[in-house]
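Chain naming follows the written order as A, B, C, D, E and F, and within any one chain the residues start at number 1.
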């Protein structure tokens, strides 16, 4: 197996297979073209410039291409970069797969599957249980593979499932504290709330919005899936049980301005929205703090109203936490 | 046939069958109960108090009940009211129907049907044409019977169809002016945009929101109907044609804060939203001006950001216009 | 001991000691004055009118007075009320105490104290631990007696402690899920965040804002207490530990428009704000749902952006839950 | 006559007279100055760099200068550009006029004049008719020459008249649909609403805001013109007819935040505002879509709340439509 | 001369001529009509009910009528009221004038005129000076008679001039502190900024908005007056001096949402807006505090974002201040 | 003494000691590093590039370093710059001080001290007088040295005191105009309102926010100082006098969104907020206008809602005003 991209030290020469995560044709002021590239694999990302490029090169080495990279790791302006000796496109017959080159969620897919299934087991209402199982089966392959978004949070392979699982754990604690909560409905809502992203996004690598993602959105996309599942399962599409579940997913963004066609009008819908928000924020803030020096502030976080967060000088819990990205 | 409610003059005694459009049990300060009633039929509405009522009376003569009313029309405090001699609940076997007592849209249902069908004929795209025909057939009975809302605008029997038709006429003028507009898509959007109200509202009399109206809303309800229609018609649910139509209805409120899960992202969706708004506003403002003295302002209109409109001292077009409600 | 107010059945005569929770002098249209009274004790509240009142009576039987009430429970307009035979002010020598007549939080003060102390034990940072202990000691009597607000949520005796404890339980679940969270800081923040209400409010009975509550507010009031505690405990007022704790309480309303002088800029501050919000919402929504018929919506909840919540037709968890107020 | 700028093919040498639509002095990283120029004539625009420039060149070849351009059309980085051989300022005696080099509205001025005059003929109220005719005469030359704005929409020669005419066509369709509309007032409002732009803007070429445009704005500028016209025409400045017309122009931006000193308070004012908005949006969206590949989204449109619009993969109406800019 | 309304003590019988400031026909629950009247003269206001009224009485004794009142001052429910013995409409021949019955600004008109003239003398720019003098002459009678508004602040006879003068005094202090301020422009702006209210309002008694007030508004109304004054004075309507003055009045509300068609874009326009706001707020808050008990808060002030203000327990400056209304 | 930075003419060689106000390591397109430097002393600022730099140079010549600069003043692209011959870090033993190189407020510290003391003398209430004196003594050194902000306004040495003094002068004029104002409270509020900035900012040179500035903010920081001062002076921390003063500083930002934990609820707090705003705006607008050509607009001012201000073609007062920065 190849040594991975971040396994090389400064000054060391490297030969490895990587993904071009971003490719932009630029030109220097004295009119020479070059490609500004971002290479990545599951170990992380490094930049490199491909000099004296032409339009042909730009087409060959574009975003999402897997390449064999020969070069040398250098330090430039305090940041690591690759001095490129050569680039070669890797053919489909060489057996590489995009997913190899993408960072993954911090837990194993197998473990996440198992734990989520335990939560499914605790959905006692048969309508919700059957629909959740049906859709997990139908979309499961993508569900455990896709990220939860393009950039703000959980933008890693398996991020969608990881975000869902983390919310289920929160949901458990909250259901324990408040016995008036309908635990089955809350769990079903957690599992389905973002599942529409398997239709809204293109996948874990070089993630983009699909056209139906842009024109319909994951809230309505999963609502439509629930309706069609109900038809296939011979569940009455007018039953209150189904209505409640549809409302859970349609209202989970919590506010009109975030694209919810309805505001949460169930105790469980209100909680679902808040857990969703909380888990996304904890992820994004933690990730930013992990890249920030103690005693200083993060950059403004776009997904958090451009707020900046402070990393205390001494913060044992954070120091010992596992890096997210 | 009975003389209608507004056909009686001041001081005249009356005996007629009317609908109780609103009933509230109140008590005087010296501790007597009475029912404050609003009677109505297709000619309009008048108030009347039923004195010395008890809880039993309140249950008997509640909102939505059809009654035989004996009494006398009087003037009280400048406003007409009925002095009630007696009230009797009319039984189902007497052959009355709620709809008789409700004001209707200013055009005949038969005429509206015919004209709308002409517009359907001009939807040249087969996917949109078939779905529109399918849903018009499935929901047509309600579609030509329901109001377009509880109160703000077109809150009359047949108001939903009337609003739709008026928008189609606007759509025609606009499509003529701008040849770049996809006329078929715009017409299909007009016809379907509010059709979900047949599920969102309870009907033309004593109109309320249904539970699914409150929890799902008419935008998503009609979107689900479109998807199920497509399945039944063997239309590919992933086709771009279907995607465009779904986007039309899902975005027609134009802004997130009005419950659109997506903002208009098609030229035709943008126009649909604006025609919808325009027609509702023209209706509401006209209706208010028709009840306002020349040279003065209307009351603040709730559906129009509480704005007040001025009726010019001399305004021939308005003076000659047919009253809406 | 007296039978309590809600222990009497309809039609039964009663003689009991109650608190006047609200008293308003009104007049009938034929110019007679009466007092509209709200009686209450720990079992709940009932209205009653004191007829033919004068200004003297209004002064005698004003809000916050403890009285002996003779009368009869009746049903009026579907709601229970007391027909008053006589009212007598109870003197201070008779040994009654305002607090007897106020509804209490659903858990016992003794139990809450014990459980909160366990959380204090888990605050491992000595600065935070000492300040929390110091202030719990200084304000503990009020802390376990006061409500968490005038009306929106936890407006019961002991409500402040109950809200705090419920948040600590949420905090525990969340700290377990996210190991990067500084548990000590989060617990300390939970315990202190609303403690300034012991200065902002007048107490559990007939709760009002104090002048310093209105002009300074509980966020800054507790911040000042923390600074003075630090001085007395010889803790460096400039230390980062103290700074973090001050930031927790000053930012816990989460947004400027809710009176936070700073937005949360610590992961733990962000979480504190969200737990606070969540617990208040769960309480308010649950309380409203418990007073709502299955299959219908609550009234608009003022503290929740005037949203209305739906109580499902069948909802076992809610049905079995302990009534909050 | 010269071949026009966009009539040359890639690789072809050219010699033509063009307008410098934008000129910026920039410097390369190795400290050489050059002028980044945008050339344009009525056929469109192309960029070109003038190397080794100095401050003198920047002053000579600045924005708004007409020049004789010798060079060669090339492709650079996928976009056409001109490799400049020489530039020469064209003197006033050579008979060129700025307006030759500006794109024009898609209809002929003569045709637009004629059609607008027909609408004037339908303004039956003599006060409005005389004022419209007076101001069309006074400002007509500019009115048929100016754009409707600097950039967002109708930013072409004759754009102001074109926008006005397109609105009149919409107004006709709407007046036909709603007989309660005062057609004369609506037409007069359409014609005058933006006429203040002849004072607010500097003209069709290199359009800027005038100082009075910035400090007073076109709504109030045309209102002042109406008042002065009335004086000259001996029309009572206090008459209701004049008041209504002044209100039409002063309220046509529809909302305070867009600089309307009053909100629309006439049915016709409400419609005027909406037609104005509709026509501007249809223009801007169409223009953007015409520059967008089928199956993709436009860039965010600044004048449309930064929304992006989708061009369907197959869209006959749009495909066949005449390009706007 | 008559003793004035507030000169009578409790229990004393009175016979005086007063203005009916508000008249409303109401009915008791046992169906009797009465008029709820508010009497007023320059000493203040007291309520009184006219029992057993009919529609005729309502027409006779309506808002704005001057009447001879016989009755007795009583205390009801802690508030003074008049028990009415008889009411008689005072005829025009009896020589009363509405203005006698209206509260006036706390300074004498003659003094205000004189002081304002001194400020006019300090407007050194001849364009501004001549226009200010011209308009003061044209509208002076109303200017020193009208209030500055219907209710929020300076709603007294002469209130417009008083508000203007108070602003001029502020303007003087500020011009002294900041020598970069163009004192002449600021003074001219102060004097003219609200002068359009002589057209926007109906006058000092029973103040209402005129139709042109509602449809055009005082900012544009005074702008039009300035333009017409310039024409009559042969001042160039395009001169920068005139432009600056027009901008001052058009922008003085400071924000679009308050109906300014332009935002302040001159240092002096910015200051004018702030002085205007400051003086209105000081007036409204002072007036409210003067009617509030020490140690308590005012009611929410509508014109001040519904804020409530605290009157300190001991506040010598306020205690000694002259009552405003 | 050295000639100062702006004392050299174009083309002249220079040798002087200056502060590096900003240092950024950049690289040219052909991969060479250079330092883009901003030099400054009390005479103003000029840019210069240090070519062929390395990381070591970047560390040596970073922001805030005092250096001896040899070079030549040149004109580049219309703007002055320094061609650098050599740079040498000046050692601490050479006796330079950061403050020498910073622009100062336009009045002398000694004069400002004296004048502020006169205002202190007019604070007649002993509680406020003693606290003001105590804190002026404790923080006076910084108070007369610090700027009032990082950038928007009064960002000069002594700017905090200058802003305070200018507000006191406004406060005097306003107190003279409105006798109901508690002058002592207003003066005390002016002096203390921004004094927390001595803790919030790092000082006059290369001003940054401190961590406690970011996490607590100057409003609460000075509130804490007032409380601790009261303790040390044996002033009752619960007294109304103290409460009023605390409210003044805590509410002076006037709106929640600017970080006031409470809105102004005293007449004097309302005025304090407005004077603060007024003085900051006059400073920022004047400063921008002084750098703008007559007849043109300033750049959008960030601290003034991005508004642009117009400098009239002829504006004597501004022309003669002393430059602020």
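The definition used in the following text is that a contact is a pair of C-beta atoms (placed from the backbone, for glycine too) under 8 Å apart; a residue touches a chain by one contact, two chains touch by 3 or more.
These numbers come from a predicted model, not from an experiment.
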Minimum number of chain-to-chain touching steps separating chain D from chain F: 1
Shared chain contacts [chain A and chain F, defined touch]: C, D
From chain A, the most remote chain by mean C-alpha position: E
Self-contact between copies chain E and chain F, residue sets same or different by half: same
Whole-Å separation of chain centres (CA-atom averages), chain A against chain D: 45
Cα-centroid distance, chain A relative to chain C, in whole angstrom: 41
Euclidean distance of C-alpha centroids - chain A vs chain E, Å: 62
Per-residue overlap in chain E, given as positions that touch at least 2 other chains: 28-30, 211, 214-215, 240, 244, 265, 297, 310
All chain pairs that touch each other: A-B, A-C, A-D, A-F, B-C, B-D, B-E, C-E, C-F, D-E, D-F, E-F
Touching residues (chain side chain D, partner chain F) in the complex: 25, 27-30, 33, 55, 211, 214-215
Residue ranges of chain B touching chain E (in the complex, touch as defined): 28-30, 77-78, 295, 297, 310
Contact set on chain E toward chain D in their complex: 211-212, 214-217, 219-220, 223-224, 227-228, 231, 238, 240, 243-244, 246-247, 250, 256-262, 265
Chain E to chain F touching residues, read off their complex: 166, 169-170, 172-174, 176-183, 240, 244, 263-267, 270-271, 274, 277-278, 281-282, 285-286, 289, 297, 305, 307-310, 312-318, 320-322
